[in-house]
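Across the two complexes that follow, chain A remains constant while its partner is chain B and subsequently chain C.
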Partner chain A sequence: MYTDAFLIEKDQFSPWLEVLHQEFRLIGPIEENGFYTFAEIQSVRDLALNYDTTMLGPRKFIYHPEEKICAFRKTPEGFEIEPLGKAAPQILVGVHSCDLHAILVLDKVFLKKGFQDRNYRMWREATVIMGIHCTGVCPNCFCASMGTGPLFEPKEGYDFLLTDFGDRYLIELLGERAEKFILPLKLQRATESDFKKKQEIGRKVENQFKKKIDTTHLVDIILRNQNHPVWKRTAEELCLGCTNCTMVCPTCFCYNQKDEIGFDLIHYERKRYWDSCQELHFAQVHGGNFRFTRMARLRQFVTHKLATWVEQFGCFGCIGCGRCMTWCPTGIDLTEIAKEIMVTEQNKTIRMSEAQQFENG
Partner chain B sequence: MDSIDYQMAQVLDIQMETAAIKSYLFTCVESKIFRFSPGQFNMIGLPGVGEAAISFSSLAIPGSNQFTHTIAGVGNVTRFLERLEIGRRVLFRGPFGRGWPIEEIIGKDLLIVAGGIGLAPLRSFLFYCLENRNRIRDVVLVYGARTTDDMVFAKDLADWQARDDIETIYCVDQYNKESSLRLQVGLVTRFLEKLELDYRNTLAFLCGPEIMMRFVARNLLFQGYAGDQIYVSLERRMRCGTGHCGHCQIGAKFVCQDGPVFQYSDISRFADTLL
Partner chain C sequence: MTNLPKTTFYETIFYRLRRGKDEAKRMMEKRKFRLGVFKYTCCAGCEFQLIYFQKHILEIFQNLEIVYFQMGDSNGKEEGPFDIVLIDGAITQAEQADQLKKVRQAAKFLLPIGSCAVNGGIPAIKNSTSELEIEQRVYQQIAPIHSMKAHPIDEYVRVDGCIKGCPMGEADLVEAVTSLLIGKQPNFFNYSVCVECKLKGNLCVLVAYKEPCMGPVTNAGCGALCPSYGRPCYACWGPMEDANAPALAQLFEKIGLSPDDIYRKFTQYGSPKSEFRKGAELYGSKT
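Entry: the complex of A and B
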């Protein structure tokens, strides 16, 4: 696949986006009521590319909170299936490394071979993604621990990747689509020293993380401790079951469906909308509920992100953005849960070796 | 046409099984060959109502696009499906999931334990076994229901009991009505120890309430069966059937894609089951 890297002056960058804006919906971080949020942008001037973090990741523009997945029309035979609409081309500007990884994770979920989600694929293909490297850390993020930052390493999932050099950006390109967009600009090609500068920025950020988690044996440790007291205690003392964690998580993919009937009583739509494993109804079946307790629901969220996801998709479900703990009303921190489990594991190992010594001695 | 796409089917025939359970013979509206294997399921529903995962209760007829579902009207969707009449259309997607391991059964003894409407996915499997009867060894069917009135597939049950190449044990919790079948009273677990099967060469296939499968599986483990010789078919409420909606997840498994049939040892290691 085509790759290249250039340097682009910031004076040159905004007019270039303006040109692209004529053809595409432009989506990026803007400031709204003191917070940053991903939104459709009216003017490139509104773009706040030095943002720290947003409540919702850019996931909502590819995997929408609510969308139509099938349409029907009532006929004398019963009903007929009607065709669906198309995606609008859009550019996603200023996606941080963690959110880029989150999109890669969602790709694994929705673009599985043989079972591709029609809507997701449609919007994913219609979206040009322009990532940007962080120049600082947020109080709750730990992407370096999860291997998803601060620099975005994989050579997939994006079209452009920006690194802020003060008065200009290093702009890395991936794919023919990116080449076509950048061609009219006639930019200066980046050199070895520019990449060194980028690594330098990455290293500087890496040293600032306050939150850390050791992922070496994390999967085994969590799976061995599905009945650890931490689940029950955290759930009963702290968890309100508000579903915030799953709503803000950029890799959460669960959805529910509902059918809506038009006022003409002829047209029907089947819609899907984000659902949460923290809701009581989630694991309900006829005659019972497999996650009836709040403990079981909290455990589902944390074990899924930190352990079972690896067996399902070959990567962690947690990309270390820290949104779940930032927006948790009681501040439940999944790294703290994991650490508490690790402490008991360590104690167990110590006790085992003491017992062994006692036997040997 | 992919299994993930919405398709339409028409009701050809309806068969009463019990007061609350009916079997429906469907045919695809679009003419095509519809293939599926025993233990797989369809997402079946109606516009304006929703969808439910229902397993096939018949075998695929080669070259045909017909299939049978046996449905108990107990939930939001199935209460609507219950009111279907011959000629009406339903919406479906499928087939989904991994069915019973039909490659594994050659040369084995088979123990099939079903509870209530759990016989439906095992019925298609039994048909498959009987078609390939000379390639497998002993077949034992243990079927339990709450009362005599709750026994489904009465005609098949009588047929199987009349055959001499399959041993049948039918039991009910309450013997409330005369029946032409030979019935015993008790739970299915009561009859497992008396079976003369060699646990080293037997595969067990379980479908029924999860609590029944729990006790049957534990009983078999106690008898010496290994966890991977026991297959269970699980039920979870699902929205998509394609491993996207997340509702049916048990630990690292999607019941809709990795199941609904699992080896007991593969699924019982996760929390949030009754197994």
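Entry: the complex of A and C
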């Protein structure tokens, strides 16, 4: 695949986006009531590319919170079904490394061989993605621990990747689509020293993380401790079952469907919307509910993100963005849960080795 | 099957399986559903809401025959029989409970509409004060008053679903009536207001501004109306199933609400419901 890298002056960058804006919906971070949020942008001037984090990730513009998926009509013979929705060409500007990884994770879910999700694919293909490297960290993010940042390493999942050099950006390109867009600009090609500078920025950010988690044995530790007291205690004392954690998590993919009945009782529309395992009825099936307790539901979220995802998709379900703990009303933090379990395990090992020494001694 | 009028294969199978011969027949004859609307203790807002909805869901009402609806037509038949009965208001008198039981027996489907009927609602605010004190505050002569504590409908009779809201929400009403008309189980909202709030992409006022939002314990259906305007939810839809009210009540204490305020938050719209009582009782007395 085509790759290249250039330098683009910030003075040149905005007018270029304006030109693209004539052809595309432009989506990026803007400031609203003192918080940043991804939104459709009217003018490039509104873009806040130095944003820290957003409540909902850019996921919502590819895998929509609510979406009509088909319409069906009762006919004398049965039903006629017609898929709904058409993707609009759009550019997602300013996607951080963690969220770029989150999109790669969603690709694994929705673009699996043999099980392609029509609507996801449609929007994914219509979206030009322009990533940007973070220049600082948030109190709750820990991408360095999850291997998803601060620099975005994979050579897939984006069209452009920006690194802020102060008065200009290093702009890395991936794919023919990106080349076509940038060609008219006649930019200066990036050199070895520019890449060194990028690495340096990455290292500087990496040293700032406040939140860390050791992932070496994480999967086993979580799976071994499904009956640890931390689950029940957190679920009873703190967890509201409100679903905010999973709603803001950029890799959560679960959805529910609802048929909207037309007033004529002949036309129907099927819509899907984000669902959450924190919701009581999520696990309601014929004959009962297999996650009837709040404890089982909270444990499902954390276990899925930090353990079972690995077997399912070959990567962690958590990309370390810190959103779930930030937007959980009671501040439930999955890294703290994992750490509490780790401490118990360590104590157990210490006790065991002490016992052994005692026996040997 | 042979002696039934001609109909589609799907329709016949579907209705036979789901609702038996009766419904299949109704569908084929295009017989209208017989509707009853009963009102107990409430502000009658939900009935107005029904009259108001009627305007934009006229097509649905064409499938209904109004058999009893005191507010819309005073010549109704109280004894039914009914296909669908909607009940507005809480039970606060013994006679209401007696009539309710009769209505249940005459109804195929019975659904409470609005917070008063579903959860006790506003009338149940009085439940935390003694009856005598309440009556003395309101009436000069209390001799003719035979009031009891406010109870939701499902404490007296079985219900076939709830149309929540104060006043009731249009989405749930439409879902219930259209579902019953085509013979399927209604798909009610059964999660927290937070779900709708996040689907809308609202900034969370509880986390961002420490506003005491009841969204995490309140049943969805309103489309997160209040948070969409930057205001905290005050739980007019009533509790969601399995809500963790104590955890939220304790959070409210941390963000600076007084015990009285917390008590009021959890008794304003659904005090008879155990989900909310668990939160209220941590901060107030039980009478």
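The rule we apply is simple: the second predicted complex is superposed on the first by the 355 of 361 C-alpha atoms of A that agree within 3 Å, B and C clash if a C-alpha of one lies under 4 Å from a C-alpha of the other, contacts with A are read in each partner's own complex, and residues count from 1 in each chain.
Simple rule for what comes next: a contact is a pair of C-beta atoms (placed from the backbone, for glycine too) under 8 Å apart; a residue touches a chain by one contact, two chains touch by 3 or more.
In this text the structure is predicted, and so the values were computed from the model without any measurement.
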item: Which superposed partner A:Gly78 touches (first chain B, second chain C, both, neither); value: both
item: Which superposed partner A:Arg177 touches (first chain B, second chain C, both, neither); value: neither
item: Partner chain in contact with A:Lys10 - chain B first, chain C second, else both or neither; value: neither
item: First, second, both or neither for A:Ile261, with chain B first and chain C second; value: both
item: Touched partner set for A:Asn244, first chain B, second chain C, both or neither; value: second
item: Which superposed partner A:Arg299 touches (first chain B, second chain C, both, neither); value: first
item: Touched partner set for A:His217, first chain B, second chain C, both or neither; value: neither
item: First (chain B), second (chain C), both or neither touched by A:Arg351; value: neither
item: Shared chain A contacts, counted only where both chain B and chain C touch the same residue; value: 74, 77-79, 258-259, 261
item: Residues of chain B defined as touching chain A within the complex; value: 4, 6, 8, 47-51, 74-75, 88-89, 91, 209, 235-237, 239-240, 242-247, 249-254, 257, 269-274
item: Contact set on chain A toward chain B in their complex; value: 70, 72, 74, 77-81, 109-110, 112, 115-118, 223, 226-227, 253-259, 261, 268, 270, 272, 275, 277, 282-287, 290-291, 296, 299-300, 303-304, 307-312
item: Residues on chain A engaged by chain C in the complex (per definition of touch); value: 32-35, 37, 55-56, 60, 65-66, 74, 76-79, 236-244, 247-248, 258-259, 261, 263-265, 273-274, 276, 279-281, 294, 326-330
item: Residue ranges of chain C touching chain A (in the complex, touch as defined); value: 8-10, 57, 59-60, 63, 174-175, 178-179, 181-182, 187, 190-192, 194-195, 198-201, 203-204, 206-208, 213, 215-217, 230, 240-244, 247-248, 251
